[in-house]
Amino acid sequence: MPSLPPLPRDTSLRLYRQMQTIRHCEERLAKSHQRGLIHGACHTYVGQEAIAVGVSAHLREDDVIFSTHRGHGHALAKGLHPRQLIAELYGRETGCSRGRGGSMHLFAPEIGLMGTSGIVGPCILQATGAGYSFKLLRTDRVAVAFFGDGAVNNGAFHEGLNMASIWKLPVLFICENNQFATEVPFQYAAGNPTVAQRGAAYGLPGVEADGNDVLAVYSAAHDAVQRARSGGGPALLECKTYRTRPHAEGMGDFTYRPREEVEQWKTRCPILQFRRRLLGEKIVEAADLDIIDRQVAELVEEAHEFAEKSPWPDPQTATRHVFSESHGKHERH
Amino acid sequence: MKATLEALSEEMAKNPRIFVLGEGIGKRGGNFNTTKGLFDLYGPERLCDTPISERGFVGLACGAAMTGTRPVVDFMFSDFLLDAVGEIINQIAKMQYMSSGRLKMPVLLRGCIGIGHSSATHHSGNYYPMYAHFPGLRVVVPAAPGDAKGLLKTALNCDDPVLFLEHKELLSTKGPVPEGEYCLEFGKASVAREGQHVTVVALALMLHKTLQAAAALAEEGISVEVIDPRTVAPLDMDTIARSVSKTGRLLIVDEAFAPCGIGAEIAAQIADRSFDDLDAPIRRLNGVQTPTPYSPSLEAAVVPNVETIGRAIRDLCEE
Amino acid sequence: MPSLPPLPRDTSLRLYRQMQTIRHCEERLAKSHQRGLIHGACHTYVGQEAIAVGVSAHLREDDVIFSTHRGHGHALAKGLHPRQLIAELYGRETGCSRGRGGSMHLFAPEIGLMGTSGIVGPCILQATGAGYSFKLLRTDRVAVAFFGDGAVNNGAFHEGLNMASIWKLPVLFICENNQFATEVPFQYAAGNPTVAQRGAAYGLPGVEADGNDVLAVYSAAHDAVQRARSGGGPALLECKTYRTRPHAEGMGDFTYRPREEVEQWKTRCPILQFRRRLLGEKIVEAADLDIIDRQVAELVEEAHEFAEKSPWPDPQTATRHVFSESHGKHERH
Amino acid sequence: MKATLEALSEEMAKNPRIFVLGEGIGKRGGNFNTTKGLFDLYGPERLCDTPISERGFVGLACGAAMTGTRPVVDFMFSDFLLDAVGEIINQIAKMQYMSSGRLKMPVLLRGCIGIGHSSATHHSGNYYPMYAHFPGLRVVVPAAPGDAKGLLKTALNCDDPVLFLEHKELLSTKGPVPEGEYCLEFGKASVAREGQHVTVVALALMLHKTLQAAAALAEEGISVEVIDPRTVAPLDMDTIARSVSKTGRLLIVDEAFAPCGIGAEIAAQIADRSFDDLDAPIRRLNGVQTPTPYSPSLEAAVVPNVETIGRAIRDLCEE
């Protein structure tokens, strides 16, 4: 499948490190959720790390991503520091959204993170809009929408992909098909459960990739990003995957899927698989990876401590930013 | 809420035309346990898990109601329902009128509203003022389990579309629930506490906070009459006006936004029909005009609480 | 294409009569619009008659249809009397919606006309809902949504077809692809301008038919209706056609399409073509058809006179039926 | 409306980041000629005809505004916009807040409202009360061509999302239009007529009918002050309160529905801050609470007219 030459060693290590960072953050957050440090909902990305990482590897800082309720991985892969993520979930002033947002409202536009979302669907339309901007402004920037299989049955998918197609906008639509929307199987919810085939309905290429294989994602995303960047228009990429934690922290898991299925998918863990491959192909030594693992663990632990020590937002600021502060400036008589 | 679950189950047992649509309302029994156990009783056609197609299944419910069944749409958080506003305002609410009364529209749309537990801005809206603005809809905002049961039963037996919006922080509230066939008429407020000095209208979670504030104020010698409208469309202005004619003072406490809200409507009606009864300005205390912030420190700052309610009542009594 | 045995003579004559009734009504309404007898908008169905007629031929009175802004033809084909149609457009008490609705809000639920609509899209969802009722109630009734090519790019199409498919509902989705939404070409507005192919995206059969050939529509609809009625689930039928009058009466026409194209399509008039075929295959004599033409002309003229003489609705009744009148009855203490 | 067309064209000439999205707004120049001639000047990318995907292109506009362009969504009839309410209320209105001010949201959403010419219930809604309820939106409802120009220019130069809703019966209104760079601040009402006995607040088409009624009443010796808020969010309550302090009487005339409407909000604020200035009950005169009927005989019965407005003013003066 990879249409690319073998990855340089440092790229491989970067992919590994990013996936591991996501995993460690999520496991930290899961613990913190139990401890009551996280005040609202927390949907982890465990099992799906290869997708955010494989796609984001091709993005520049000035490219933009739009994400979902399950967006920690996208945020980190786009370059958010774990401190800013964890502090946000702890509701602190130092969080990426200054404590206003929480897990489902992560914003860091300065690095192209244009928001995770509590509503399924809009990210698809907003990425399409970013694509419109980039085309109108004659830039070669690219916009990415990450969304789940659940969003595929939503009208936003239909309208967004169609508009991106007819106007040839530089947008990547990344469907992370983890096979369930909460507990409803995609198999049940979709008349045609193959997402990649839906591209045809809009006249755009639809590609399927193994979402647990970071190299497969990397390769498929490479082609799509290059195409979009050079004016070739949008693409739909379906990454088949599985989340190995419950839909959200604190929820039950084995009423709608058997424990064995989850266990079986854990053996296909994208990080483990990639580690095995890197070692098997003798690209790195186990020791190299162990160092990364340790560094990541420290980074995340430090971020957690930072977050826990961070101040709460000042209640006086609760209404700031409802409107633009430059508003007055533009009002002339 | 056990009371509404019972009500729904009883009505489904009686009326085979009732079916429920929503995400995770089948086997899972609903995000808020609104359909817990019903799947086993009534099966997958009557407890139908949907794709994430809010607009779609609300539109589907409209067509179903037009053709002889009685859909219940269980949409979890009211915020998700915004994608279906066109179907609600332009279709469901107008269908009886457009067909000059030849079609009925027995649709129940139910879900949660309200701020709390850091649910943040996409899971905390209160939308009843918006729905109450338009003709053709009944809008229920219960605050007590018994009322919720009685109003849900009425909803399931009436031919008009009903929005049934429960504050999620009230779902585990305990309280007396009348057994069996208990229906509560729409448009009948309840006087939740009698008093002499000031009338406070409060809805949903704010009713409970207001009652707490009123209890505290009683010790200061301030006698507060507390009214729960229970339905905001229709709105029982007679009960409110009667109370104001006694107290001469009116405060409306509402978590929802102030502009063009329920408090505005109540104030406007009282400033018209009860003008001569008023001894003081009409006051409103609302949720702050901002998207709901996530952090507990910010969230607490945007909703009225027992203290701010108490202060608002005291201030009004001093006017 | 027809998979049916040749039509009985009386069926043929019925199809002819219905198409001619629609045509005459529309031409009458176009004139009345100029004369100021019609108060709101008026979108005629001229050129598309074969579709409503070919489909409705398979429907029983207890089947239901949901239509669009261009719905006069559907209403008549489902059995609405021209009097009730014309009186409604004239705003009279005797109209099918008692003057409340006008052209875009035609209702006659007693014959299965569940409404034309001023909003593009909802008819698709409502037909899906009717299908849900029919399935739940264990009847063999069928629901039909008529809609234009413009609706295909709307989220309602996506969500409606998908739900009908996964629940195997007895619904026919009839897309009348007249190639324009107002003046925007479908070719421009849709990433994939072949509607029938969209069935695949939802796992339901998509069929294409010549929308100007009443027998082709009749045949395609026959199969789809039988299938739906017997529990086989929904189908999508694309009828390629063309409207030969402007989008709405009073609007210009030749800014977005050449006059010659319109003229060329007029030579493919579904009524003329069918007439030629009936005569060519010696199924009927010209005299038989001429009698029908005369009868239809009289019927429509009489309907117009009836409508013009009908009373205006009583202003006192303007707020009736906002709520159900049986409402009080259900409110118990 | 020539005034807004000019304003839009001038701003597009100055700012290459402005583009317009809508159905038939390209070559055709818009259903209401809102973009007539602009296609030839600015080309298809900046005057972009859309599929019938209201939710989609409003969501697209949100993403575009987040990334450096300034979309104008021209949605024809406001009724069509209901399919996009989720994108407006949950995304566009909240984006600046959610991003703690790091994103701006320069989106202009414009289209027509209002009852008239038998446009019937799917082409005649007035939705400004609903949009004014939520935080994060500016809502403009101009009544005069000059105001429309000044307010549109302000909208195209401000970083907040603006709903710009024009009554379709006013599109061909004539009136003075200042040349060139004319911006009108949001939240500044205009005193359209000065008077002594009673304050009448009226919007859009109702402003014109109220002015006619006021002129007639002047001959009876009733001096009416008429105020046009021009924007309903923000709402200029100071100007209204100042007037009420002079007249002691307030009537709000509004074609939109009464419950939780603009009139309710104005009445509630006056019943609070200007309570002591009031000499009579606050009155509202609204469009009748029903879907808009088609037939001229019914349609006329559901909107206030010069006569019913005159009567309402006279009645209030007699209170």
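Read from first to last, the chains carry the letters A, B, C and D; within each, the first residue is number 1.
The criterion applied here is as follows: a contact is a pair of C-beta atoms (placed from the backbone, for glycine too) under 8 Å apart; a residue touches a chain by one contact, two chains touch by 3 or more.
Keep in mind that this is a model prediction, so the values were computed, not measured.
Undergrad: Quick one: which chain's Cα centre is the longest way from subunit D's?
TA: Farthest by centroid: A.
Undergrad: State the pair with the higher C-beta contact count; candidates are B-C and C-D.
TA: B-C
Undergrad: Return the distance between the CA-based centres of subunit B and subunit C, expressed in whole Å.
TA: It comes to 40 Å between the two C-alpha centres.
Undergrad: So how far apart, in whole Å, are subunit A and subunit B when each is placed at the average of its C-alpha atoms?
TA: Centres of subunit A and subunit B (C-alpha means) sit 36 Å apart.
Undergrad: Using mean C-alpha positions as chain centres, tell me how far subunit B is from subunit D in Å, no decimals.
TA: Inter-chain centre distance comes to 29 Å.
Undergrad: Any chance you could list the residues of subunit A touching two or more other chains?
TA: 97, 100-101, 105, 119, 153-156, 158-159, 162, 166, 188-190, 322
Undergrad: Multi-chain contacts in subunit B: which residues touch at least two other chains?
TA: Only 50-51, 53, 55-56, 79, 83, 86, 90, 97-98, 121-122, 135-136, 289-291 qualify.
Undergrad: Pick one for the touching-chains graph, please: line, ring, star, complete, other.
TA: Its topology is that of a complete graph.
Undergrad: Touching subunit B in the complex: which residues of subunit A?
TA: Counting only subunit A, the residues touching subunit B are 39-41, 91-92, 97, 99-102, 104-105, 117-121, 150-151, 153-155, 181-184, 188-190, 255-256, 312-319, 322.
Undergrad: For subunit D, which residues count as touching subunit C in their complex?
TA: Residues in contact with subunit C: 23-24, 27-28, 49-56, 79-80, 83, 117-123, 288-291, 293-298, 300-302.
Undergrad: Which of the residues in subunit C end up touching subunit A in this complex?
TA: Residues of subunit C touching subunit A: 153-159, 161-162, 165-166, 188-192, 197-198, 200-204.
Undergrad: Quick one: in the complex, what on subunit B touches subunit D?
TA: For subunit B paired with subunit D, touching residues are 55, 79, 82-83, 85-86, 89-90, 93-94, 97-98, 121-122, 125, 129-130, 132-136, 233, 235, 257-265, 267-268, 270-273, 275-276, 278, 280-284, 289-291.
Undergrad: Provide the residue numbers of subunit A that touch subunit D in the complex, in ascending order.
TA: Listed in rising order, the residues of subunit A that touch subunit D are 64, 66, 97-98, 100-101, 105, 107, 109-110, 114-115, 119, 122, 124-137, 143, 155-156, 158-160, 162-163, 166-167, 320-327, 330-333.
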